[in-house]
Structures are given as C-alpha cells and as structure tokens.
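Chain nomenclature is as follows: A, B and C, assigned in order of appearance, with residue numbering initiated at 1 for each chain independently.
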Amino acid sequence: MTRIISTLYAAAIYGFIFLPVAVLVLFSFQGTLFPIPPFNGPSLRWYTAVLNDARLTDGLVNSLLVAIATSALATLLGFLSAWGFARFHLPASALLRGFITLPLTVSYLIIGMGLLIFFNWLGLPKSLMAAGIGHVVINLPLCFAIIYSQMGEHQANIERAARDLGAKEWQVLTLVTAPMLWPALFASFFLSMTFSWDEFVIAFLLTRFDTTLPVEIWNLLRAGLNPKTNAVGSLVFGVSIVLAIVFELVAFRKRPQ
Amino acid sequence: MTALVCVENVSQTFGPAKALDSVSLSIQPGSYTVLLGPSGSGKTTLLSILGGFLQPTTGRVLINGADCTLMAPAKRPTATVFQDYALFPHMSVGSNVAFGLRMQGVSKAERTAKAQEMLRLVGLEHAFEKKPHQLSGGQRQRVALARALVVEPAVLLLDEPLGALDLKLRRQMQDELKAIQKRVGTAFVHVTHDQEEAMALADHVVVMNHGRIEDEGSPERVYARPATRFSATFMGESTIVAGQVDVQGRITTALGTFDAPGLAAGSTACIAIRPEHVHVGPAIPAIVTTVVYQGSFKRVTVAPIHAPDTPLLARLPAGTPIQEGTQISLRFDPAEVIVLRD
Amino acid sequence: MSAARQPIAAWASVSPALLWTLAFFAVPFAAMGVASLFPKGEAGLSLAHYTQFFTNPSYWRSLTNSLEVTLIVTAISVLLAYPFAWILAFGVPERWQRLALMLAVLPFWTSYVVRSYSWLLVLAEKGIINDSLLGIGLLSEPIQIANTRAATVIGFVHFFVMLLTLTIFANLKQLSPNYRKAAADLGAGPVRSFIHVILPLTLPGIMVGAFLTFVLAIGDYITPQILGGNNELLMPQLIMMQIGRRGDFAGASALSIILMLVVTLAYFLCARWLKIERA
C-alpha cells in the first residue's frame, strides 16, 4: 500500500518538475506564431530564427567569454588565497577567511546594485567587463571555500611526505599539490561557469549594448510570448545537460582512486 | 534443556556470493556464545539474521520454539547492540535507554525508574540527563548495552561491540560484559574477530570461516583440541606440518611420527603443535631464524636442521638467552600434538 | 606545524582575493550605504528614504508581501521536497539513486530566466492549463493564474523543491542506517521511528535548507517579475523600479539595505535556533 502511494507521489512530483520544461521544448517546435496550444508542428523555423538572430548569437558568445574568463580568474584567486591561508599561519586568519566568503550571503541584486553605484561614481561605463567583475565577486567565495576545504591537514601531510622524500617546493606544487587538488579545481571552475553562464541580475544591471545571453532572452521576453524564446531556452537546456553528463563522467572516472 | 535459539540449515546468498552455507547452531539459555571468525566469515550475517534485519535465503530460525525466520526485529525477543552503538544523539542518555519501553507503552514514571536501574547496573547512574556526545566511547558502549537490556530480550546480540576501544579499555569492558551477563542471565551472542576476546568471554565458541562453522565448543576444548586446520591457526598460533598416515595408524611427518587414531591408512593429514608446548630440549636441533620479544615471553621461529622447510614456532621464557642465526635444540611432548585431517 | 615561514609569500598569495573582495564588494556596499543617505532632491545627509519606508504604505506592503510569499514558498517547498527526498533515499534501489536524483534536478539546468518563462506558457490565459481545462469542459472561461501571487509561488516552489530535494537527500543519506535499525529493534514502527528518531536528526539540515530557500527567494527579481505581474510588488521589483524608471539610486540603495537587514535578522534567528538544537 505504501509502495503505491510513494510511487504515485514521486510520479506526481516528477511530473510537476518536468511540466514547464516539457512545454518549453514541445512548443519550441511550434509551427505557428505563438508557443501555446494548439500545437502545429513540428517545425524547426524557430531554431533557425535563433541561429540567425545576431543578438542572440552575440549574447551566447558573450556569455561564454564572460563565464570562462571569470571562472578562470575566480578559481585562480580562490586557489592562491586558499593556499596562503591553509599552508601558512596568518594573523586574523579566521576573520579574513570569513570576509572572503561573505559575498555568499548577499543577494546578487544587492551586489549588482553596489557595483552599479560604485562604477557610476567612478565614471566607469556599463560593459561586459563590469558584469564580469561582478561575476568574479559572486564566484570567488565559492572557489575559495571548495579549494580550502581540500587543503586540510591530511593533504598537508602528503606534501610533507613529498618534501621528506626530497622534492623541491616547485615539484611539490606541480607533482603533488596540483594533481591532488585537481577535483577541487575542476569543481570550482565548473560551478563558477554554471553560475556565471546563467546569471541575470548582475549582467542586466551592469551591461548596456554588449550583453549576455540571459539578458538577451529577457529582452525577447519583453516583447511577449515568442517561440524563439522556447527555441533558445531548449538549446541552452540541451547544452547544459550535455555539460552535466560530461561532468558526471569525469567525476566518476576519478572514483576508483 | 531445550535450546533457546535454533538455527536450522540457514543459507544466505547475495547474488553470486554465498555468505552462509547451510549453518546450524543451537544457543542455550543463559549462555555466552561468541561467533568468532575473520571478515567475510559470515558471522555478522548470521547475527543480522538472528536479529531480524536480514531474511535468510533458506533455512529457519526458531526462538523459544517459535519460527521467527520472517519476523521483524521489533516483534522478536531479541535486542541488538550495534557496532557504532547507534545512540540517538538528540535524546538524553536516559531517554535513549527508556526508548524501547516507551515503544511498548510503558508509563513515563515506570520507564524512568527502569532506565535508571539499568544505568546503575552498567555503572552509569549519574549519566541519565547527559547527552551521548558528552560521554566517552566506553561509556557510550555501556549505554547501548543498557538500552538493549532494559527491554528484557530473550537473547542479546552484540555486533563487535568492543572494536572501537583501545586495548586496556577493551579488557576492562570484557570483564564487565561477562559480569553483567552473569547478573542478568540473558543469553548473549557476541560477534568478534578477536580470538583472545572470544576465549575470555565465551561459554561456547563458534569458529566460522567462509560461511561455515569450522568448529564449536568450550574455549578450552576448541583451543586444546581444534577440529580443523583453520581452527588451529585462528584460535591461537600453531605450527602445522603435513604428513602421511601409514597402515599402523600413525602419521609420519618431517618432525617425527605420532599416533593418528581414526585416520585412514594412506591418507594425507597434518599435525599442529602449539608454540607454548615447545621447549628447549635435546630433541630437534635447529637454527634460530627470528626472535621477537613480547614482554612475558619470546616468540621464536626456528628452522630444524633435518627439516629446514618446516619452520617451528616456539614460545620460550623471556629470560632464555637466544640469538638469531645461532643453533638451538628444542623438544615437545608427543601427547600435546594435535592431529588434524587435511 | 605550518610556521610563518616566508610570510611574504603568504600575504602575496592571499592579497589578490582580499583586495578584490574589498574593492568590488565591500567598497561598493559602503558606497550603496552612503548613497542611501543622500536622497535626490534633498541637500545633504538625510534619513528620508528610511523614514519614507515606514510611512509610505506601498513600500511597507512590498516588504510584507515579500515576507509572506517567501515564507509560504519555503513551507510548501519543504513539505513537498521531504517526502520526495525520502522516497529517493530509501525507496529507490541503491543502483538507481544517482540517476533518479539527477533526473529530479535536471530542470535546474535550464536558464533561470527561461525556467520562469516556461511557467508562463503553462499558466497564461492561453497557456496549457487553461487550454486543457477549457477543452475538457471543466471551465467556461479562462482563469487568471499568471500575473498573480499564485503564479509567483508556483514558479518559486518549482525551483526550490528541486534544491531542497538535493539537500534533504544528502542529509538523509548521511544518517547511519543503524539508527533506523536500532529504532526498529526497540519496537518502533516506521511512523514512530520517523517521528522520534529520523525527523529530529534531520531537522537541523532542513533548517539550513529552509534558510537558503528564504534568502534566495526573498532576493529574487526574475520570478516575481515574469510571473507575478505588476499588481503586487515584491521588494526586488520595487528596488529595480527605483533604478529603472526613476534613476533613484539613493532610494534603491536604502531599500537594498533594508532587505539585507531582514535577511541578516533571519540569519541570526536561524543560527540561534540551531545553537539551541545542538545544546
């Protein structure tokens, strides 16, 4: 009896979760002008429209650039600071570490607003770079936290063992530390990419002409229901799933160690 | 007296692996039974089946004459002390101990009194209000024991309860476990891989390996007269020497010839000699290969000159002047030799 | 053991991150605070925007709306996600659990904007729900779901059920299976085992998840803007309006600071509750 109820409940929740996505994908193949019933299709006209829409494709490229650049920077800064705090005894370490992770607790809207006012005051124009700076702000605490958690006493002992066996500092770093940290570095980069790629509010506030994909999608939305939005949404969804599968496979191949 | 627990031909398979192979066992009321064996021997699987957490693939389990094979843990007259104690961290020690009584619907006043009584029995009368994380490992173990005993089970099941404790604490807890068992009179079934623990605690030792019972009986008998080669080397150490049985019912080995009652002529068998039965004496000249000092004795391995491929293990007094590489002469009493089928 | 050897190297490596956080988080935040004190149209320092918040009913209402919506969303999401996480953790065979979980959070990977938009397709006047119900004949005319608070709640709950399923699942999995066995062994049936043992043990984890939901939801602009329409404004919408239509940075800053204070208050309440739980 409980089996039946559990299965029904789980099915209902799965249904709820997938409903909007199913509708999105279904009506991206809509033959007529509106992504609502009745369904006239399937047709690829909206996918063609998306690929021909320069603003959308520019937005896509911009999103990728910003995501890759900011994730790389956030991971690097996160790694350097994690290394500094983990391997050395710095005064007020706990306080400083807390400071670096502070942005995690603040809404993106507020971070974006602060930067908007600050840049405005400095006379800096809205741009992709401004948005990128914001993205590093939101991703740096995450990278730091992930990498720092993987640099504890256990890893320190392994490095000591390497030193004990004669490795010089740079060898320890390249042959022991970096490979050991690889999963943490990868996870940091990947998560930052995910957050930056999808981020809307900061990009919306801090960009003007050149902007990221979420903002371009938003602009599309302002014009009303449009199957082009479905198409681009489904594309984003598809790409994200592929990336997620890649991540799964990579993360899993590491298991046997 | 009829057995309290009867395990009849119980087998357990997990996919291709056979964890238990047609095991049969009887547990007497008031006894302290120890299931002894290495990891993978099936002892924990058997305990889980007794506790009702696992249903055997074939066979039956009878407790107090009733068929409990498919009965849920709650309904069986058993209680289990888990390896990690599984004390509920959000409840006080007293609430933990009283939990089973609460599930039975016992009134608050009565279960508080009983819990307090049981805590006194295990030596923790002042811990009622404390939380588990405030106690040491040994204390938590005792709370787990109290929680299981307070529901007055017919059989108490213990899954490697002393594994997480250091040596001194373990010895102390062994004494206490034995004392508590005698006091409450409940039958205990205790799983361990530590043969010293088994010998210290058990009335009845069950030696298991690869899902089968290799040997069972009182610790004294199982130690002095092990039934199988595995038992001889798992319970204490032995030197095992292979040999051939001749027509006169004697077994000939590299270290001598001994009586082999009950073995067929022409068959291969082996003998086992306990190291404490090997003394310095004029029988077997040998070269000393290793000497390990162990405080109250020296653990010595020698290579007999006339049988260099048959290393002999000896336990010699700590003061024996002996050095690796020198020659020594050892002897043992033929009466102490254990003859085993192969 | 990590002595202060080569402290210069240490400072050199932590400085970039510290400076970045200082320059692009702390200073802008302070700038925002300062800006809130210099309202447009008034000379010099003034707390006008803050007092205005309490005196202007529409401003005050946006805060209460935000709190109401967020609390409703948090409650519903937890209530829906817990049993679901339980089924995934204990009802699904081990081999399939990762897959089941991945499927349950797959829509996480649609763009957040697109995800909210897709609910519009479902809830709009000509959307799926209205179309189906009209088609079956259960309705004679379309009902208004989009551009109402209900739509915002549905949109939020959709997102947070996925998030909470993940966190509660992790929470349930790290419980030692021996707790349930011990409870069962001592006579507790599945219901009592849950009430007396599992629920109390998972409560701190739920609280953390609920807090995360609260913080993310109350600061979100996208979902209420797309789904809730402009009849009822939540705080983030109000804030964006100050910047967008009126170019009023000072006002927007003041509202942001107030929102932050609310979140900080929630944080302290949560932290205090968790500390009590632990005692």
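Assorted remarks:
One rule holds in what follows: contacts are C-beta pairs under 8 Å (C-beta built on N, C-alpha and C of every residue); 3 or more make two chains touch, one makes a residue touch a chain.
Note that this is a predicted model, so its numbers are computed, not measured.
If touching chains are joined by edges, the resulting network of the protein chains shown is an open path. A comparison of the B-C and A-C interfaces places the larger number of contacting C-beta pairs at A-C. Here the CA centre of subunit B is 55 Å from the CA centre of subunit C. One finds 17 Å separating the Cα centroids of subunit A and subunit C.
Residues of subunit C that touch subunit A in their complex: 1-7, 9-14, 16-18, 20-21, 24-29, 31-32, 35, 80, 83-84, 87-88, 91, 102-104, 106-107, 109-115, 117-122, 124, 126-128, 131-132, 158, 161-162, 215-216, 218-222, 226, 236, 239-240, 243, 249, 252-253, 256, 259-260, 263, 267.
The touching residues of subunit C, when paired with subunit B in their complex, are 176, 178-179, 181-189, 192, 196-197, 200-201, 277.
Interface of subunit A with subunit C (complex): residues 6, 9-10, 13-14, 16-21, 23-24, 27, 34-38, 77-78, 80-81, 83-90, 96, 99-100, 102-103, 105-111, 113-118, 120-121, 133-134, 136-137, 140-141, 144, 156, 160, 198, 200-201, 205, 213-214, 217-218, 221, 225, 229-230, 232-233, 236-237, 240-241, 244, 248.
Interface of subunit B with subunit C (complex): residues 51-53, 72-74, 78-80, 82-84, 86, 88-90, 99-100, 103-104, 147-148, 151.
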